[in-house]
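Labels run A, B, C and D following the written order; every chain starts at residue 1.
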Amino acid sequence: MTEMLLIPAIPLVAALLCLAVKNSRVREYVTLVGAAMLLSATLNAAAGALDGMTLTAFGGLLYMDALSAYMLSVIAALTLVTVIYSIEYMRHELDTSVINDGAHRHYYVLFNVFVFTMTIVPLSNNLAMMWISIEATTLVSALLVGFYRKKESIEAAWKYIMLCTVGITFALLGTFIMYYASATLSGEGAGVLEWTSLKAAAHGLNPATVRLSFILIMVGYGTKAGLAPVHNWLPDAHSEAPTPISALLSGILLNCAFYGIMRFAVITDIACGHAFVQDIMTVFGLGSVVIASVFILMQTNSKRLLAYSSIEHMGIISLSFGVGGPFGIYASLLHILNHAMGKPLMFFVTGRIRALHGTVETTEVRGLLKSAPLVGALGFVGLMALTGMPPFGMFISEFLMFRGLADAGRWGVIAVFLAASVLVFYGFIRRFGGMFLGAPPKGSGHGHGTYWPASAVLVALGGGLLLLGLYIPGTLDRLITMSVAVTGGGQ
Amino acid sequence: MIRQWIEIFSVIDAISIGMLLTTLAMNSVRRIETCLKAYTMNSLLLALLMGVCAIYMGIAHLYIAAAVTLISKGIVIPYLLRRVVRSLRLTRDAEPYIGTTMSLVISAVLVVIVYSSLSKGIVVEGVIENTLKISISIILIGLFIMITRKKAVTQVIGLLFMENGLFLAGFSLTYGMPTLIELGVLFDLLMGVIILGVFLSQIKKAFVSVDLDRLTTLKG
Amino acid sequence: MENLQFLLIVIFSPLVQGVIKKLKAACQGRVGAGVLQPYYDIFRLFKKDMVVAHTASWIFYVAPYVVFVSTVAACVMTPVVSVEGATFGIGGVIAIIYTLALGRFFMALAGLDTGTAFGGEGSSREMTVAILVEPMMMLAIFTSAIAGGSTSIATIARSGSVFYSPAHLLALAAFVVAIIAETGRIPVDNPDTHLELTMIHEGMILEYSGRYLALMEWAHVMKQMLLFTIAADLYFPVGIAGGTAGRGALAAFGYYALKMLVMSAGMAVAESSRAKLRFFQLPSLLGSAFVLSFLSLMTFIMMGR
Amino acid sequence: METEGIILTASAVFLSGMLLLAVMPRRVSHLAYYIFALGSLLFGLSALQGLLFADAWSLSAPISGFLALGFRADQLSSFFGLTLSILGFAVSLYSTGYSKNAVNPRSQGALYGLFLLSMYAVFYASNIVTFLISWETMSLSSYFLVVSDTRDEAAGRAGLIYAVMTHIGTAAIILAFMLLYGSTGSMDFATIKAGAGAVGAVKSAVFILAVLGFGTKAGIVPLHTWLPLAHPAAPSNVSALMSGVMIKAGIYGMLRVCLDILGGDVAWWGVTLLAAGAVSSVLGVMYALMEHDIKRLLAFSSVENIGIILLGMGASVVFTSCGLSSLAGLALAASLYHVINHAMFKGLLFMGAGSVLHATHTKNMEEMGGLIKRMPWTGLFFLMGSVSICALPPFNGFISEWLTFQSLILGIKSNTLLTKVLMLSGGAALALTGALAAAAFVKAFGISFLGMPRGDNAAHAKEASSGMVAGMAVPALLCLLLGVFPGVVLRLVSAIPLCGLPSVSGLPQEGMSISVEGGFASLSPVVILLLMAITGVSVYALTRALGGRAKINIADPWDCGIRRLTPKMQYTATAFTKPLRVIFKSIYLPRRDLKIRYAAKPFFPIDITYHSDVTPVFEQYLYSPVIRGIHGAARRVRGLQSGSLHLYLGYILVTLVALLLIWG
């Protein structure tokens, strides 16, 4: 109970403190400490979940099982990472007087509120509650996307909020219809929209109704999760937001939205049979992978390129979740973690490139391996990881997805996916490889204040990806397996 | 005895159809003030419908819901929007991408699609049988309006229409959710509108106009 | 005893060369030198001092020995008058051809070693010709090998199985062209000239003198007689000792001498009745020979004989 | 000592070397290569044990609940492991000298170690996921080695093409493996093999994918285009390993999947392999002939040799499909023999090229010449390598090509007309290849090592350091030994069940000589060698007897009396191959441009620039159009993200409506 309530409380308090304090350094440390506490609280709760206990609060409004615990730990861990990098990034912005102190405070307040909203998502058992929190994440992050108040950032934020609000409207409609489906079954009442009770009653739900609701959910949350063909806000928002925020958006926000889809998919799976869910999620997943691959090929702005790669990876996650089975869902969850490590790593790298060269255009930067060895090397690590190369984590999750697809006999899907992955690799190595290799231009790489913990974080992320490529620690393995059990997959 | 009256004259259907008509009207309206009026009308109808249902079923918290809707959608949001519009000195919307007749046709098609796909799929009975279909049609038409309109403000209005439709749907499907949830939803929407207002003025500042054709620098 | 029959080639090859020269002279209405002239030349060269270019490396000094040695080794593997003998198991016809190729390889290197234009020209052309000749020779031999059920010349010769079939005649035709090319005779090369633009073989060994030249020349005539011998074994094995129509050793000698004489005559006539081709017309000649040998192979596969 | 133990120690040695590189100062970083040499020795020891005593060790470690890293050695893996160990040892020795002038020796050294280790992992991987991980690690480490000289823009481009091509190949491999897994339900090669009967329908699909995937790595024409770019761009010690062993990993993959797992008993598979082999060998060597960049020449010749290996493999498959198991064994033995041979001489030649590059700072043969006088050892070893690769007795190349010839001629025993014709045509192709190769390497050795120096760098070249010489000596010696004692190799090869030689009537190795198919042909190279030695001695004696001591007068070469022969007057590499450019112009599509600036037309030119090269057919007519097409399509698709919010909203509406219509 309390340990669960602690999780959202911490960032909320941090936000209020940031609002209060004048000194920018203090703000940073408040946020840092908050993130650290958040992580410890989450892991503590997750440890509980590992022992198979599920927590509830506010009469089942909040609820935590292995899956929520897993998502929360990813969120908390990435939050800490991002805070550490934010410190370096925002200091640089202050020093180069891109922003003033007010904006600095503004940033940290919103940052914490954003984290708060995201922690609510996995905790909410009531599906409408989940919707509210997801919508809340949109509203807060929109302000962060528009942080710079430049033309482009405002445009990006506008598109982001417009598209996501429209999308999420359908998600709410879907939720209503789900409510109706369960209400007609088990009468009115507060418990009607609770995931736990819905899952329990799923067999009896009217398939047609549930199908309609899931279609709406898929479009609604899919928009937010950046699944093609309703992904269009994503490249703009990711490229215009401050780099740490881009990392958060792509690393966990997308997954929060996808988390909503997961919860609904579980119910739909039981109510309408697996085929329907598998087909619709495969369509969205494969579509995202293919479209993203084509866009990656031609992209020269490294942040936009990474944004499209996020679309690709959400596609992979959806694809593998859709195929289901013992491997598919495991792969999907594992891929969420891998992506939450690889994408921030790459975003931070581009952040440092921006600090070094003042641009993120791949065509204008050369020879990073020479001028900034750490950035160059880790950049290559991130590149290989994101393109699903062994010995990095994503290869394992993608391989498990192949296994799932092979079990389902979906050779065509594998073939198409592999073709697309070749394009992705081509685009990545062509663009980023060009940045890292070659001779650095004269007088480039004027050093900027790097914050050593940030460097440590970069190394840690790279190391983590390598580790997950060769060995998945027992606890993690168990947590994921239990989450798979929660979704009812694996039988 | 009122219940019979309501049933005889099938008031609920009447009101919801009224909402549909106000939405369809958006296809032809050009002056932004008028758009706002149409929206206000639409919201008032929604509140009225809730009220009627409250009487019809005599569920206490439906009165609250109706009241909240009336205040937020019928009064607060239009007021906010009007202020924004005034501050931005907007009068007419630019010519939409699709002409009036054509867009009316498309809206009709959307309605047909909704009716067909719902009647073969989801089964709902009782007073709300039509309301649901109408509400989903309203949502789609609202989206369609957003697609055709060029000015940011009119897009926001389209979005608000969608939300009215959404509320109609939610209401007809759930007879008002647990109040807490409902308030949360409303709060979110309110925040959304406010933030949209903020961005509207920022757009005005940055781009000199709120003509959305200019918001196309990010592509590829 | 029969293991030493290769000495016949080593010893008599200059004689064959002499005979060919004599017959050629006869065809051209000259008297010509005596048939023993090549011996005199070789012996004289052995006694002479040597002039070596300062640009030469050790390759230049080694090459003559390698060429000579490889040719002898090839001779050892070839049955001359008798198919009995332990030395034929050392390696079949493929081994023979590749051993000869070793000699050619070093000769070409020697041509490049001194860094003169003639040497380079000679090597370049030699290798070019080799590229066109070697495959066709191989194919011609494949036919016999398949027919004889072995790639060892002795076995092929012993099993006088299906000779004088269309396949064999085609193969023979190709092989004759191969011999002409390999021995550097008209119309492929002109053995008698040192005119810069036409030399192939002579170009490569232009820098040589004294005993090295002697070795080179000797190896060359040995190679010529060796090829005659192989042709005889593959296509006219009549009268070879231990063969199907096996005679005694003496008769075998007789037959062998006769075959050599006939071939020399043919060579002489061919050479004096034709003009040398331009280098870039060679491909058409050798290419058609290649087609012949390929056809022979195909006909054999189709018809089985 | 237990083989597992040896393996683990060897791996530990490698890792320690890599770690040491991280900490040790730049100056002494070359010492790490001694550690790698030691590691290779240990691996070699274990591989020998695996082959001689057929002890199959296996190791495994879990990745997650469902996946495990697994390694197992059977004779096939051990054979390739042995090949790698020998060359790895030699190249590591060589690198102790060569790496001294590397741009970034430490990272290069670490990558080198990783590269070697990953190749072992590929050969010993026992399940799909392990294989793929090792495979990609191998590709990546080699990619980074190719681009390791970051100053070199061309290397960057070569690396890009290499990376993309290899990734395409990997995609095909993954699909092939997934088909195998899907139809047998197992990830472990042994289990898959056991259940291979169930593969059935998709069998041929797997074969095609495997040939495409592994063929890309092996460099089969027309999938070879990356090879002549990447191999020359890499540091020469790495080029030696890439050409010597890495491309054989492709061969290993084909053997493992198509022959070992799927049984390789389908006639048209063999036909396909034969055709691929013939084309690759002929075209490969033809392009090699036209190269003036010595490393590119060697790279193209690798394509040729892969072709020869494939000829043997294809023949073996055909024979298996005809039920002629003994001949199948023979053909496969030939192809495996060529695998180890090519590893030796191509490794040697690349090391030699490396020393030349090291000494003259150029890869262009037109600037070399006369090197044999300044670099006697390198010259000698390069010559030995050239003789071996031209399949001239008594060196090793001859043995394997001889065996290949025999198996192709014996193709007459196969049971369909097509296979008979194809195999003998393959023989013709092999003959042609041999002749072309001879020309190519007369050029390679003659132009760069003989004659007069064509440039200052060549004139002042220095012999390579002792470490490099030692590194070259090892394979050079082996080239001779493997050529003289074929029985040894054949015994090792015959330990591989695929060759099934114990059951074969062909190749009973009676001591020194080998005989094929009950005396169809026989060969005893050692006798040939002895013959040559004896004749050599006796001839020398004869000349002494006839002419006494040689009296040699050193003089200028014959210069037609113009008194000074300059290096410019020598035959150049271009001139050497001119006749072939003319003869085979339909294949080469040669391009020449001749620029003459006149003082007074037409008799007094100031200078003449002549440039001539051949059209890269596959790049120009196969790859460029495809790439251009893809780029064009991608550019057009980008229109979807036009930046118009209305359009995006439209997507949402359309998507929703579509879904409603499909599933609603």
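Just so it is clear, a residue touches a chain if its C-beta (ideal position, glycine included) is under 8 Å from a C-beta of that chain, and two chains touch if they have at least 3 such contacts.
Since we're looking at a predicted model, the values are computed, not measured.
Among the remaining chains, the Cα-based centre furthest from that of chain C is the centre of B. Ranked by number of C-beta pairs in contact, the top chain pair is C-D.
In whole angstrom, the spacing between the mean C-alpha positions of chain A and chain B is 31.
Once the centre of each chain is set as its mean CA position, chain B and chain D turn out to be 70 Å apart. Chain C has its Cα centroid 100 Å from the Cα centroid of chain B.
Mean C-alpha position of chain A lies 44 Å from that of chain D.
Multi-chain contact residues of chain A (touching two or more other chains) are listed as 158-159, 162, 166, 170, 211-212, 235, 295, 298.
In chain C, no residue reaches two or more other chains under the touch definition.
Residue positions 638, 641, 645, 649, 652, 656, 660, 664 of chain D each touch two or more of the other chains.
Applying the touch criterion to all chain pairs gives A-B, A-D, B-D, C-D.
Residues 61-67, 69, 129, 132-133, 136-137, 140, 144, 147, 150-151, 153, 156, 159-160, 163-164, 167-168, 171-172, 174-175, 178-179, 181-182, 630-631, 633-635, 637-638, 640-641, 645, 647-649, 651-652, 655-656, 659-660, 663-664 of chain D are the ones touching chain A in the complex. Those residues of chain D whose C-beta lies close enough to touch chain C in the complex are 369-370, 372-373, 379, 383, 387, 390-393, 398, 402, 405-406, 409, 412, 417, 420-421, 424, 427-428, 431-432, 434-436, 438-439, 442-443, 445-447, 450-452, 513, 515, 519-525, 527-528, 531-532, 535-536, 539-540, 543, 546-547, 550-559, 565, 567, 569-571, 575-580, 582-583. Listed in rising order, the residues of chain D touching chain B in the complex are 638, 641-646, 649-650, 652-653, 656-657, 660-661, 664.
Residue ranges on chain A touching chain B, taken from their complex, read 126, 128-129, 131-132, 135-136, 139, 142-143, 146, 149-152, 154-159, 161-162, 165-166, 169-170, 172-173, 176-177, 179-180, 183, 188, 190, 193, 206, 208-209, 211-212, 235-236, 239-240, 295, 298-299, 304. Residues of chain B touching chain D in their complex: 97, 110, 113-114, 117-118, 120-121, 140, 143-144, 146-148, 150, 155, 212-213, 215-220.
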